[in-house]
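Going by the order they are written in, the chains are A, B, C, D, E and F; count residues from 1 in each one.
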Amino acid sequence: MRLQLATWQEVDAYLKECNGIIIPIGSTEQHGPMGLIGTDALCPEVIADHVSAEAGILVGPTISIGMAQHHLGFSGSVTLRPTTLIAMIRDYVLSLSRNGFERFYFLNGHGGNIATLNAAFDEIYAERSMQRGSNQPGLRCRHKDWFAFPAARRISKECFGDREGSHATPSEISITQYAYPDAIKSMPEDRAEKPVRHFTDADDYRALYPDGRIGADSFLASPEVGERLVKECAKEIIEDFNGFVAQP
Amino acid sequence: MRLQLATWQEVDAYLKECNGIIIPIGSTEQHGPMGLIGTDALCPEVIADHVSAEAGILVGPTISIGMAQHHLGFSGSVTLRPTTLIAMIRDYVLSLSRNGFERFYFLNGHGGNIATLNAAFDEIYAERSMQRGSNQPGLRCRHKDWFAFPAARRISKECFGDREGSHATPSEISITQYAYPDAIKSMPEDRAEKPVRHFTDADDYRALYPDGRIGADSFLASPEVGERLVKECAKEIIEDFNGFVAQP
Amino acid sequence: MRLQLATWQEVDAYLKECNGIIIPIGSTEQHGPMGLIGTDALCPEVIADHVSAEAGILVGPTISIGMAQHHLGFSGSVTLRPTTLIAMIRDYVLSLSRNGFERFYFLNGHGGNIATLNAAFDEIYAERSMQRGSNQPGLRCRHKDWFAFPAARRISKECFGDREGSHATPSEISITQYAYPDAIKSMPEDRAEKPVRHFTDADDYRALYPDGRIGADSFLASPEVGERLVKECAKEIIEDFNGFVAQP
Amino acid sequence: MRLQLATWQEVDAYLKECNGIIIPIGSTEQHGPMGLIGTDALCPEVIADHVSAEAGILVGPTISIGMAQHHLGFSGSVTLRPTTLIAMIRDYVLSLSRNGFERFYFLNGHGGNIATLNAAFDEIYAERSMQRGSNQPGLRCRHKDWFAFPAARRISKECFGDREGSHATPSEISITQYAYPDAIKSMPEDRAEKPVRHFTDADDYRALYPDGRIGADSFLASPEVGERLVKECAKEIIEDFNGFVAQP
Amino acid sequence: MRLQLATWQEVDAYLKECNGIIIPIGSTEQHGPMGLIGTDALCPEVIADHVSAEAGILVGPTISIGMAQHHLGFSGSVTLRPTTLIAMIRDYVLSLSRNGFERFYFLNGHGGNIATLNAAFDEIYAERSMQRGSNQPGLRCRHKDWFAFPAARRISKECFGDREGSHATPSEISITQYAYPDAIKSMPEDRAEKPVRHFTDADDYRALYPDGRIGADSFLASPEVGERLVKECAKEIIEDFNGFVAQP
Amino acid sequence: MRLQLATWQEVDAYLKECNGIIIPIGSTEQHGPMGLIGTDALCPEVIADHVSAEAGILVGPTISIGMAQHHLGFSGSVTLRPTTLIAMIRDYVLSLSRNGFERFYFLNGHGGNIATLNAAFDEIYAERSMQRGSNQPGLRCRHKDWFAFPAARRISKECFGDREGSHATPSEISITQYAYPDAIKSMPEDRAEKPVRHFTDADDYRALYPDGRIGADSFLASPEVGERLVKECAKEIIEDFNGFVAQP
């Protein structure tokens, strides 16, 4: 069930069974010559929808814009500053906590979000920790990257080996090809250059990686691999989510 | 073209023709016994997609969570504080401005966003106005509510008259029924009570409007009216957007 | 009674009868060739003083600087960023709420404040709405523009018709002429140009409206009209305020 | 000339002669059984108006609400948090700096503002200092307390000796009696208790000083002393301001 | 006992005897041709360590970076903006308050911190004062400059007379020479120029004081004077701290 | 060379050779029954001092207080909220960048800082990335944990095997024992319990880990192992820093 397609009474009923929710979080940023700008948001959204269909877990609206400052040298990329994203995640979590949710499972599709996402969790916890004897309801956050689940690593290795790279990867593009077949793009089979060093700001990134990819042969992507990724990752996420919610 | 389904090179090409973008903005909040929690975000998103299909205008990712503090008494409602939303809109606009966009057209689906959205525009402009001789590129924001276009008012009046109300309206629910036929819900044909006074915070809202609706007979909604609303509003929005982008 | 001319014991006594207060809010910004820079703050202050004299309602210190980023291209104009003004209004309201006030009636004299003022109300409410079972005292804010009361519209229409315009209007200048007869200025009877489109930042505003007025023939102002405006608006404000305070 | 009673062209003309401005800053807080809540704002405002009348110096709108957290235990007291006041002072100064002002002379009437006011100056300077080779126009802030000028100390000592105290002093009340003769209040001639230790928050303050005064025999105030204070302080302020503006 | 060299059980035991802590606060900024960049942080740290050794008072980690915007024109200088430092002090105090500390004694070594430090105290108090009936534990902050204790003034006057100056003073350099004998530097015996006027931002400061000193003949410093300063100030600080903690 | 023991002219001279600096960052938080509260700050500080002595690299003042919200249930623990720490790191870096530094090497001693530290880097970069054609000087940040260098892992594994744990580890305590022999504490040889799940806020942490340790047999620590860790890690850090600074 997607939260946005539910009524508040349906959420009330859900809360009687489960106080956890999955929140997809991604980014809006260039993904090289054939990758979609929304790739990092679409992937966890698609997977979360599959999870929801399989296991009846509630899925909140996707955080489509993340921390992508390094991509701003390419048209169509959008970033939130880390402090903005922290404020946003805090408000999102505290709103649902007010309604009775206690377990927040962020399914992330963008490496650039990881630091800020975890800083946001600490920002939320710190408000509570700094008060003696706060009586606020319990609240736990977990962050998981879809691409770090064993299934994702296994399929990526099997299908793309060392040509997976780290940005505009054939794996993530495969998922969007599976989910958005009308939006499949192509590019020449130019091998991506290997990453030389870590980027800093947007000008630096573009100078290092002129077509936007980092070591990724995006053109190896296929909808079939995308389908496998979605389905196999979803299984592992369901199990992980259930363990999270079942924690005493 | 949805930004999330484009590549950065496609955006570069688009920018040669047009420096404007439509950004749907809504909310995640209760919409009474049969209205979807995502109604306010889904409506402008659906209309913007139609606009895009008809006129080739680029549509950015939807801001799905808005200013909905008054709905937090109902499960599943989520708010951003106004200052959080201002920061988010600022970052969204300045990111795209950095890439070459100059006209930002926010298509809004939620009355509760209006004040904050316009405050956000002023926050963006104020940064520039407070500097003497800033050399930043031009940047103009416009906010329009889909439900305030003449077409929306006309259809609403014709179909629902004074039973439209102001929250969980049959008009907005019609649009979600048209776009999400699998998520159509029903409710008893209870006439909504008339609004008595303006609400303040979440506890106050729930005390005033116990089932979440404000004066709206949601059950009058139909997918057919939704289709009309989407298509007729889209026409007017295309014209309005084109006028905005054509401003000297 | 003006709060600034009262003692704390007098306020204690007032609170036994009434928990409401009027807070004038305006702006410090150019008002064309003959309008005073303080016009938007002086008008609600003068009207509120009249209200207070007639009905014994407490009037807090005027917020003299508002959101006026678009006027910064003219000397003497001052703005607060929206986020600054939100913080200020929040502190003002929460301070008095701590002391026992519960109804905050902002009498506004500046269109540019409206969005931020209402965003500030939501910022205040959101702090409460985001907590489950907050035990804070009740608190309601209302915003009214003096120039939108029926009396103001009626007198403006009668005296100035379509030459009222929307910035540096003869109505608001009439009020300052009535209240500050020693500060009456004059200008040539140049008809103001009609507004072409909505302004954005300060450079844009000045380019569109080189003498600062928007469609307003300021020179039609007179102290006599000012007196009528003050007295007739005050009557309607007293009634509106009393209704607000009497709300259950 | 008060900024609020000027037109932008008059300010333009003033700027050709002088780029300095006086900004009165005070507070809205209890001043004991007979002192006005606005005392700290009214005093510098009254003195600044006298300065302006004598020497033609421009006076900006008074910052009427200051840092008064310790007075919130008494009805009618209002505070800004220090960070709010810093933001407000920053915006005030940078707005006028954008228009051509370079010397900002804050005439303060409230001891509780001093720390925050000077922190605000550093906040403004820090923005510039943190940039290499910023090309922003020059900008200097000065803070002076009216009650610390030699004239104020001399008259206070002569008239009230050690009964002046430090809050709700007969000196400051004398000024408001001179300026607002219709608002003169009285109290029993109860000698104020001597201060024991520095207060912290509002509850602490009220426990230490139950009627609000700190060591001040407010009832010694008289309009005649107020007149002397205003006129003698004004002379010294004019000289000090002129020196400030004349700095190379 | 330094907090950083204690265990949490030792702190628990300490809290049974005393709920006060000394927090050294300084700055990282140029101190002329022979003064150490850390002078303002090292001095209160060294004195606090002596205090701790003599009297068993707990000493928290030094705030080494303060408000030093005016020194940024010299290499190695670092500043926090006032609002950053306020946030930091707030978090520091509230963390320890959560654990049971109630008296916070800031031993300061830098004039530039004074305003911000006191604004931070008010920021902390304001959070409490703005709530009616907050039940938070008591909390009091005190700020003392080591250089303003009678011992410091007496020794400085005796040893350096009017050549002490106000930045890179022989007194503060003497203390660092005593504590860090391996880091003693020298300079030509150039008399410092007298201060002409108060500085504003970093460019202004460097233009006024090209070698960084303000009226201070740093070369008069000696480790022997440093030792006297540390030991005599420590005595007075112990007494002052004990009085602070003993306050009812 | 420690920055705090240098003069600004010495820093100027250093900058002619090298534009990089090491900044130790740690935390002030409980470390179990025998670990020092300052452990996480002292370790990188001690190692950095060794690095500096060996290789002449400049070391800035340690950030002694980090993100430690989860430890606030234990006396003496102090946290900065993530947003406070981000502001602080930003100001630290931008101050030195203004003076000519371009490579910022944060040597970290606390796992809880990692997310916030990297979010701070992105906050700094984002300010630049969001401006088109910013002309600010180059600036690169790197974060390294001393305990993640191969030498640290190798020695830990060799000396403590699976009894190292993850908080209050014998490795980190060994370093403080080596550096602060007078502050060596002892505890009963109670085997630490294995971690069960990730903690959230302070109450949760204390409930899960009642004596503060996470899986770490702190009592295995020895000064000899500490010395090895310092010296071997320092070698690897020097090499890593030199590579960082040498990047084109």
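Heads up, the rule we're going with is that contacts are C-beta pairs under 8 Å (C-beta built on N, C-alpha and C of every residue); 3 or more make two chains touch, one makes a residue touch a chain.
If you're wondering where the values come from, they're calculated on a predicted model, not measured in any experiment.
K.L.:
Trace the shortest sequence of touching chains from chain A to chain D and report its length in steps.
P.N.:
Contact-graph shortest path, chain A to chain D, evaluates to 2.
K.L.:
Give me the set of chains touching chain D intersected with the set touching chain F.
P.N.:
For chain D paired with chain F, the chains in contact with each are B, E, in label order.
K.L.:
Working from the CA atoms, figure out how many degrees chain A turns to land on chain C, in steps of 5.
P.N.:
Chain A sits rotated relative to chain C by 120 degrees.
K.L.:
Identify the chain pair with more contacting C-beta pairs: E-F or B-C.
P.N.:
E-F
K.L.:
Measuring centre to centre with C-alpha atoms, which chain is farthest from chain E?
P.N.:
Comparing chain centres, B lies farthest from chain E.
K.L.:
Roughly how far is chain B from chain F, centre to centre by C-alpha average, rounded to an integer in Å?
P.N.:
Here the centre of chain F sits 46 Å away from the centre of chain B.
K.L.:
Can you give the whole-Å distance between the Cα centres of chain A and chain F?
P.N.:
Measuring from centre to centre gives 29 Å for this pair.
K.L.:
Need the CA-centroid distance for the pair chain B / chain E, whole Å please.
P.N.:
53
K.L.:
Would you pick out the residues of chain A that each touch at least 2 other chains?
P.N.:
72, 79, 81, 83, 91, 95, 98, 129-130, 202
K.L.:
Each pair of chains that touch: what are they?
P.N.:
Applying the touch rule to all chain pairs gives A-B, A-C, A-E, A-F, B-C, B-D, B-F, C-D, C-E, D-E, D-F, E-F.
K.L.:
Of all residues in chain F, which touch chain A in the complex?
P.N.:
Within the complex, chain F touches chain A at residues 67, 69-70, 72-73, 79, 81-83, 86, 112, 114-123, 125-130, 134, 139-142, 197-198, 200-203, 247.
K.L.:
Which of the residues in chain C end up touching chain D in this complex?
P.N.:
Those in contact with chain D are residues 2-9, 11-12, 15, 28, 30-38, 41-42, 60-62, 64-65, 72, 74-81, 83-84, 87-88, 90-92, 95-96, 98-100, 180, 183, 185, 202, 212.
K.L.:
Per the contact definition, I'd like the list of chain F residues that touch chain D in the complex.
P.N.:
Listed in rising order, the residues of chain F that touch chain D are 91, 94-95, 97-98, 136-137.
K.L.:
Applying the document's contact rule, which stretches of chain D touch chain F when the two form their complex?
P.N.:
The contact residues of chain D facing chain F are 129-132.
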